[in-house]
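Chain IDs A, B, C and D follow the sequence of writing; residue 1 opens each chain.
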Amino acid sequence: MAAEIRVGVLGSAGKVGQAIVDAVEAAEDLTYTVGVDKGDSLDAFVESDTAVVVDFTHPSAVMGNLEFLIGNGIHAVVGTTGFTDERLAQVRAWLADSPGTGVLIAPNFAIGAVLTMRFAAQAARFFDSVEVIELHHPHKADAPSGTAYRTAALIAAARADAGVGPSPDATTDELDGARGAVVDGVHVHAVRLAGLVAHQEVLLGTAGETLTIRHDSMDRTSFAPGVLLGAREIGGRPGLTVGLEELMDL
Amino acid sequence: MAAEIRVGVLGSAGKVGQAIVDAVEAAEDLTYTVGVDKGDSLDAFVESDTAVVVDFTHPSAVMGNLEFLIGNGIHAVVGTTGFTDERLAQVRAWLADSPGTGVLIAPNFAIGAVLTMRFAAQAARFFDSVEVIELHHPHKADAPSGTAYRTAALIAAARADAGVGPSPDATTDELDGARGAVVDGVHVHAVRLAGLVAHQEVLLGTAGETLTIRHDSMDRTSFAPGVLLGAREIGGRPGLTVGLEELMDL
Amino acid sequence: MAAEIRVGVLGSAGKVGQAIVDAVEAAEDLTYTVGVDKGDSLDAFVESDTAVVVDFTHPSAVMGNLEFLIGNGIHAVVGTTGFTDERLAQVRAWLADSPGTGVLIAPNFAIGAVLTMRFAAQAARFFDSVEVIELHHPHKADAPSGTAYRTAALIAAARADAGVGPSPDATTDELDGARGAVVDGVHVHAVRLAGLVAHQEVLLGTAGETLTIRHDSMDRTSFAPGVLLGAREIGGRPGLTVGLEELMDL
Amino acid sequence: MAAEIRVGVLGSAGKVGQAIVDAVEAAEDLTYTVGVDKGDSLDAFVESDTAVVVDFTHPSAVMGNLEFLIGNGIHAVVGTTGFTDERLAQVRAWLADSPGTGVLIAPNFAIGAVLTMRFAAQAARFFDSVEVIELHHPHKADAPSGTAYRTAALIAAARADAGVGPSPDATTDELDGARGAVVDGVHVHAVRLAGLVAHQEVLLGTAGETLTIRHDSMDRTSFAPGVLLGAREIGGRPGLTVGLEELMDL
C-alpha cells in the first residue's frame, strides 16, 4: 500500500492511550513514534517526525495540545469531549493559518456505532415507525445513553426533512414509563442488565416488514479501528472534520 | 397412534372458531364433529358423540356452556376470558359431580408464549438482572401487554421465592420513561412498531453472560397448536386444569 | 404536497395486482385509474389519462406492455422478472425515442431488503468479518435465497473494491456444511423453520464490536411501500432505472 | 443466610483458577481458604478445614485429586474434562466409601448455556421445526462447537422420545453447505465472526409462531456463577452428580 504513516499518542500511559498504542503498533501501515504524557514536552512529536497525533486526553488539556500540533503542521485525531462551538471556532482559526493540516474531532470512534446512526438516519424516512432500544451494563448512571440521544435526534431530523409524520401509536392505557422516553418525538428504551457492555438497536417498521440495525460493543477496545481509520485518512483532509462518518465515504 | 379424538367447536362460525375448526380438521389424530353457534342447541355435541369441545366464545356464554358440557361428561378446552375465583369455584363444583370429566381453562394458548413465561420464571433466580421487552403493532391500546404483566409477575414471584434481590441499576440521571415501566420490581419496555404482530423478549444477565428468551407470534393462528394440545391431553386429566403449561409435562 | 399522480395496474385481477390496487387506493397522493388484465386493451391506460403503470405480470407479457407504455409516454414501475441484458437494451432503445418517459425495473421492492443490501455493501469494508444468515418458511425450494446470493455478491464486490481480504476463519475441523455455503467468498447460512416468512441478517464484526442488519418480511404485502415509492419518483427520472435503491437518494 | 461455606481452589495460580478465587472471595456466603498448585500438598485443604474444593485442572491430575478429597470427606466441584465411563465408575466407587461426600462433575458451568440446553430439550417436542445457530470468534478450530453438538443431541433425543418427526424441509436446490451440518437430524449452523466471543441460538417454530433461546457469553468469567452455585449446593447432594442442571432444581 501507501507509505507508512507515523503516529504518536497523547496520554499514552493511560488505559485508553495504551490501547491506542497497541493498535497502532499492530497495524502494518502505521508506525508508532512516541507517546507524550502529563509533564512531557510536546516537542517529542516534532523531533520524532510524527505525522498524526491521537489525543484522547482531557478537555482541560486538549486545546493547548491542538494549538501546538496545528502550529507544527501535525494532523490530529481527537476523541476528547467538551468541544463547544467556541472551541470549534478556535480550532478552525488555527487551521486557517496552517492550510495543509487536518484535524478530526469525533464524539464516537466505534465504527459500528457511527454506521448505526448513519444508516438509521438514512432509513428513517422510508418507514412508518421507528424506535430505539439501548442496552448497557447496570453501572451506567445516565439513561438513555448519549449515543441513543444522538441517534434519536438524527432520526428525527431526517424524518422532518422528508416530511414524515410521527410514528403511529394507539396507546391509551399506559403503565407509567412503558413506552419509554421520548427524544425529539422518537421513543427510546434503556435496558440495564448485568453481563452486557454497550449495545444499541434501531427498529424501523412499515406494512409487512421491519428493518433492525444493531450495534454490539463487547469491550473498551471498540474505538481502536475507528482511530486507525482516522489516522489513515486525516492527512488527506485538510481543515476541521467533525464526526468519523465524514471520513468514511459513505 | 391412539384412537382418534372427536372434537367439537363452540362459536365455529366466528373468525377464531373457524381457525380452530380448520386446525382440528387438519390434524390426523383428531376428528371434527360439529360446530355450535348462537341459537344452535348444545345437544348437537351429545348427538355427535363429541369427546372434547373447544370454547373461545364470550364470558356471557361460557358458564352455561360449561354446565352443559360437564353435565354430559364432555371435556372442555376453554380460551374465553373473565374467569374470576367465583367462576373457577363453580366449575370445580360441577366437576365434583362428574369425576371423569376434564376442563382446561387457559389465558394463553400460544405454546411459545407459555414456554417463554415458564422458562423465564425458571431462569430468573440464576441471574442478577432481568428485564422484559414486549413489541407489538401500533394499533394496540394497552402498554405493557397482558402477557408482559403476567411474565413480570411470574419472574418477580420466582425471585422472591429464591431470595434474590432486585436487579442492579445505577441510574441516577433518567429522562422520564427511559427505564420503562416497573411491574413487581421488573422493568418492562413496550415497543409499538408498524410491521410487527406480537413479540416478547425476556433478557436475563449475570457476570459475563446473558440469556434471552424470545417469542414471536406472526399471525392470529398461533393459538391453534396449543388448542390441539389441550384437546389431546384434557381427556386424561379429570378435574379443572388452569394454564396450558400444566398439560405440557415440563 | 404535489398534485396527485394517476396510477394504473397491469394484472389487477391477480393476488399481487390486487394488493397493489389496494395500496394505491389507500395512498392519499395517488389516484387509481384502471386495471388491465389478460384480454383487456392497453388503451384503457391512455383513455384514463394514467401517468404511471405498475407491471408485476409475466416475462412473456412484459415486453409488449413496455413497448406500448413507453410509446404512449406512460411511466412504468416493473417487478416482473426475466430481464436479460438484451431485454434491458431493448427497453433503453424504446426510451431513447420517448425522452421524457421513465421506467423502473427492480428485482426487489421490499424497502427493507433493498436497504439491507445497500447498508451491508457500504459497511462491508470496515469490518474484518462478514457472514449472511437467511431464514425462511420450510416450503422454500432453494437455499440460499436469491436475495442472499445478491447480498453476498454485493458484499464481496465492495470488499474487493476496498482491497479487504477474506474474513478470518481458523476452522480446521468442520462437520460437513457447518460453516455454510460460500458465495463469492462470503459464508451464507440458510435456516428453514415453520412459523417464519422471509428474513435475512447480515453480521459484520471487527475487534470488540459487531454490527447486525436484519430484515424481517412478515407477509406478502411487503413489496407495496416500495411500489408506491417507485410510482411517486419515476416520473421525475426519465430513462431506465434498474433497482429501487437508485430512486431512494441514499 | 446459612453459615458460610469454606471453599478451596486447585490450580489457583492459573488464569481460570485465579478467576475462581476472585469469585469466591467476592461472594458473601463463601469463604476462600487456600489455593493448591502443582507441587503443593493437598493436605492444605484438610488443615484449613475446607468444605468444598473446586478443580478445573487437568485430566492427568484430577483423579488423584478426587481420591484425596473424597477420602478426606471434602466435597468437589470439577470442571476438568476427560471423564470416561471408567473414570466416573471409579469416582462412584470412592464415594461409596464416603457416603456423606458430594462430587459435581460438569462439562459446562455457564448457567446460560446449561439453561439453553435444558429449555431447548423441553421445548423441542412442541414445535414442528428446530435448528441451532452457534456463533464464535474466528480463532475457533472446530465447527460446530461442542456445546452445539450436545444441544442438538439433546433436542433430537427429546423429539424421538415424544415421537416427533423430522423438521419439514422442502429444499431441493441447495448450494453445498447452505443448510448447515446435520447432527442427529438437527440442522446446525456455525458462524465465525471477529468481535464475537461465544454465542448460541436455538430456533423453534410452528404455525404462526417461533421461540428463540439465545445464550451470549461475553467473556471467560462466565463459568464463575455456575461454579459458585455448585459450591453452594454440592454439600447437600452426597454422591456423584453429573451436570450442573442436576443441582438447579428445574
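To be clear about the criterion, a contact is a pair of C-beta atoms (placed from the backbone, for glycine too) under 8 Å apart; a residue touches a chain by one contact, two chains touch by 3 or more.
Quick caveat, the model's predicted, so the values are computed rather than measured.
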Equivalent interface positions on chain A and chain B, same or different at half: same
Which of B-D and B-C has more C-beta contact pairs: B-D
Chain of greatest Cα-centre distance to chain A: B
Inter-chain centre distance, chain B versus chain C - centres from mean C-alpha coordinates, in Å: 39
CA centroid of chain A to CA centroid of chain B, Å: 46
Centre distance in Å when chain B and chain D are each reduced to the mean of their C-alpha atoms: 33
Numbers and ranges of chain C residues touching at least 2 other chains: 127, 195-196, 204, 206-210, 216, 218
In the complex with chain B, residue positions of chain C that touch it: 195-197, 216, 218
Chain B to chain D touching residues, read off their complex: 1, 110-113, 115-116, 119, 122-123, 126-127, 163, 204, 206-222, 224-225, 229, 248, 250
Chain B residues within the chain A interface of the complex: 127-131, 133, 135, 138-144, 167-183, 187-196, 203-210
